[in-house]
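Two complexes come next, and they have one chain in common, subunit A, joined by subunit B in the first and subunit C in the second.
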Partner chain A sequence: MLGPADYVLWFLTALLEGAVVLCALKRHTFRRYLALNMYMLGSLVVTILRFWIFSHYGFSSAQYLYFYYYSDALLTVGLYFALITLYSFVLGELQTGRHVRLAAIVLLAGTAFFSYQVIQQSSDRMLTRFVVEMSQNLYFVGLVLTYLLWGAILKLRETRAQIIQLVLSLGLYFSALAATYALRNLYPGLHLVWGHLPELIALSLPLAWAYTLWRIPVEARLAPSRLAVVSR
Partner chain B sequence: MSRKLNSVLLAVLVLTAAMGLKTIVTAHSNTPVVVANAGGPLPPTPW
Partner chain C sequence: MMAGVIFVFSAAALLQFFISYCRSLIAASSKQVLSAEVKDVTGIHRIASGDDFQRVMQLLQLCPERPEDRNGVQAIGAYFSLLNFLRATIARIVPSLRAWTESERGQCAYFAAVALGRRISFSRDMLAQQMDA
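On to the complex of A and B.
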């Protein structure tokens, strides 16, 4: 049985996901950040479809359960490619586009292979286990990739405020997910907190992106000295 | 050729770091599924 908080978070997530797409269209940045916007548009569609399936079949139904996990895996792959496009923005001047794409494909294939190795001993529901495992592994790959990208931003003295904001929001998102994993292991009794925390984390990403696309102009720059103070 | 090999090496290093981090974070856990894409409450795993 779902409580009012679940419905409110569900509605807010859909609202913010729609806001990101509208902000991008209004500020003419939809094509500039095409992968990010397509991911957010996909998230909005999935959020609405999940609610439709929930209202027709119920929370405990197999339809809701399978749609939830399979759609999550697809969205995680979408977010992975959105993150890779941010690499293209940051490393654009180094002419490394082909190598970034190669590394991204090798990494995705490696993650799929690793996920299969983990679940291959299972006797039932192998595909569903694989999908869930792959999705979970991609969260951690995304976390490492975001920190690497942040290192590249500092090293290359990237100053585009929108790019910096988008990368920071992804860093916060992936870090919060990893922290949720760790804290849930430390304090497994706090069901009320762990039940809603992932939904709040899911809410943070469209909130940060909507703010970035709406309030920060494309040409806005941050001084490198404000990103890191490195004595040389 | 060496830049391609560097790309592959970097991908393998990232994968190793990510899976190492996951192993540390989810050690001794029996309910490790966390999902934060799109809206909707998390259903129980089918197994």
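On to the complex of A and C.
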């Protein structure tokens, strides 16, 4: 049974996802960050569809559960590719676009293979287990890739404030979700600890992106060395 | 075991990304000059001290909220709490960390003062619109 907090979070998520796309359109950055905006648009559609399925079939229905996990996996893959486009922004001058895309596809296939290896012992609902496992693993892979990208930003002295904030907020999102899922695997019975945590984390990404696209001008510059925790 | 390793790495990365994200928000506002009235109200003239933060936050809460500021102000509030925690624990035995937390707390106070300036002009604009209507 869902409470008022769940409905508020649901509504806020849709609102913020829509806000990201609107901010991008208003600031004429929709095409510049096409992959990020398409991901947000996809998230908005999924949020609305989830609510529609929930209101027709109920929260505990098989339809809702299947749609939730399958759409989550698709969105995670979408976000993974959106992250790869941020790589092409940062490494653009090095002409490494093709290599990055190839590495991304190989890594995605590797993650899928690893997820299959983990669940292959399961006898029932194998595809669903695979989808859930792959989503969780992709959060961690996304975190590692964002961490590497942040390292590249520091190393290459990338100064575009929008790119820096988009990458950092993505890092926050991936690390918070990866930590939550790891904690869930460590303590499966502690439902109280993370009740609304994944939903709140999911809110943080559109919130941070909307803020960045709305408040930070495209031409704004930052010295990344000032942002590193360990000064360089 | 694997989940434990993932948790430790993710939590460490989360902390690092959080600090860097907050510093990017602060850096964006550190170049802005405070208006004369904000300087008068807050008592911050050039360099802010960490001790000014709570007072500036109280003033901020008196002004109507700007939706686009909320995210940044909340993130910096959480960052300030983290800095206070570091200051009260590890920084007591590491002098360089103490100096760093003091400087960061001051930057947080400056960020809040810049946000206060924006909220004051936002309230003024709202008032002007109401007067016109």
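Simple rule for what comes next: the second predicted complex is superposed on the first by the 212 of 232 C-alpha atoms of A that agree within 3 Å, B and C clash if a C-alpha of one lies under 4 Å from a C-alpha of the other, contacts with A are read in each partner's own complex, and residues count from 1 in each chain.
We adopt the following convention: contacts are C-beta pairs under 8 Å (C-beta built on N, C-alpha and C of every residue); 3 or more make two chains touch, one makes a residue touch a chain.
Fair warning: this is a prediction, and the values are worked out from it, not measured in the lab.
In the superposition on chain A, A:182 makes contact with both subunit B and subunit C. In the superposition on chain A, contact is made by A:150 with subunit C only, not with subunit B. In the superposed model, A:103 lies in contact with subunit B only, and not with subunit C. In the superposed model, A:216 makes contact with subunit C only, not with subunit B.
In the superposed model, A:165 lies in contact with subunit C only, and not with subunit B. Between subunit B and subunit C, it is B that contacts the larger number of residues in subunit A. When the two complexes are overlaid on their common chain A, residue A:43 makes contact with subunit B while staying clear of subunit C.
Looking at the shared chain after the overlay, A:54 reaches subunit B, while subunit C stays out of its contact range.
In the superposition on chain A, A:124 contacts subunit B only, with no contact to subunit C. When the shared chain is aligned, subunit B comes close enough to touch A:141, but subunit C does not. Overlaid on A, the two complexes show subunit B and subunit C touching the same residues of subunit A, namely 140, 143, 178, 181-182, 185.
Interface of subunit C with subunit A (complex): residues 3-4, 6-7, 9-11, 13-14, 16-21, 23-25, 27-28, 68, 71-72. Interface residues of subunit A, counted against subunit B in their complex, comprise 2, 6, 9-14, 17, 43-44, 46-47, 50-51, 54, 59-60, 62, 64-66, 68-69, 71-72, 75-76, 79, 99-100, 102-104, 106-107, 110-111, 114, 122, 124-125, 128-129, 132, 135-137, 139-141, 143-145, 148, 173, 177-178, 180-182, 184-185, 188, 195, 198-199, 201-202, 205.
Residue ranges on subunit B touching subunit A, taken from their complex, read 3-4, 6-8, 10-12, 14-15, 17-19, 21-22, 25-29, 31-47. Subunit A meets subunit C in the complex at residues 140, 143, 146-147, 150, 161, 164-165, 168-169, 171-172, 175-176, 178-179, 181-183, 185-186, 207-208, 210-211, 214-216, 220, 222-223, 226-229.
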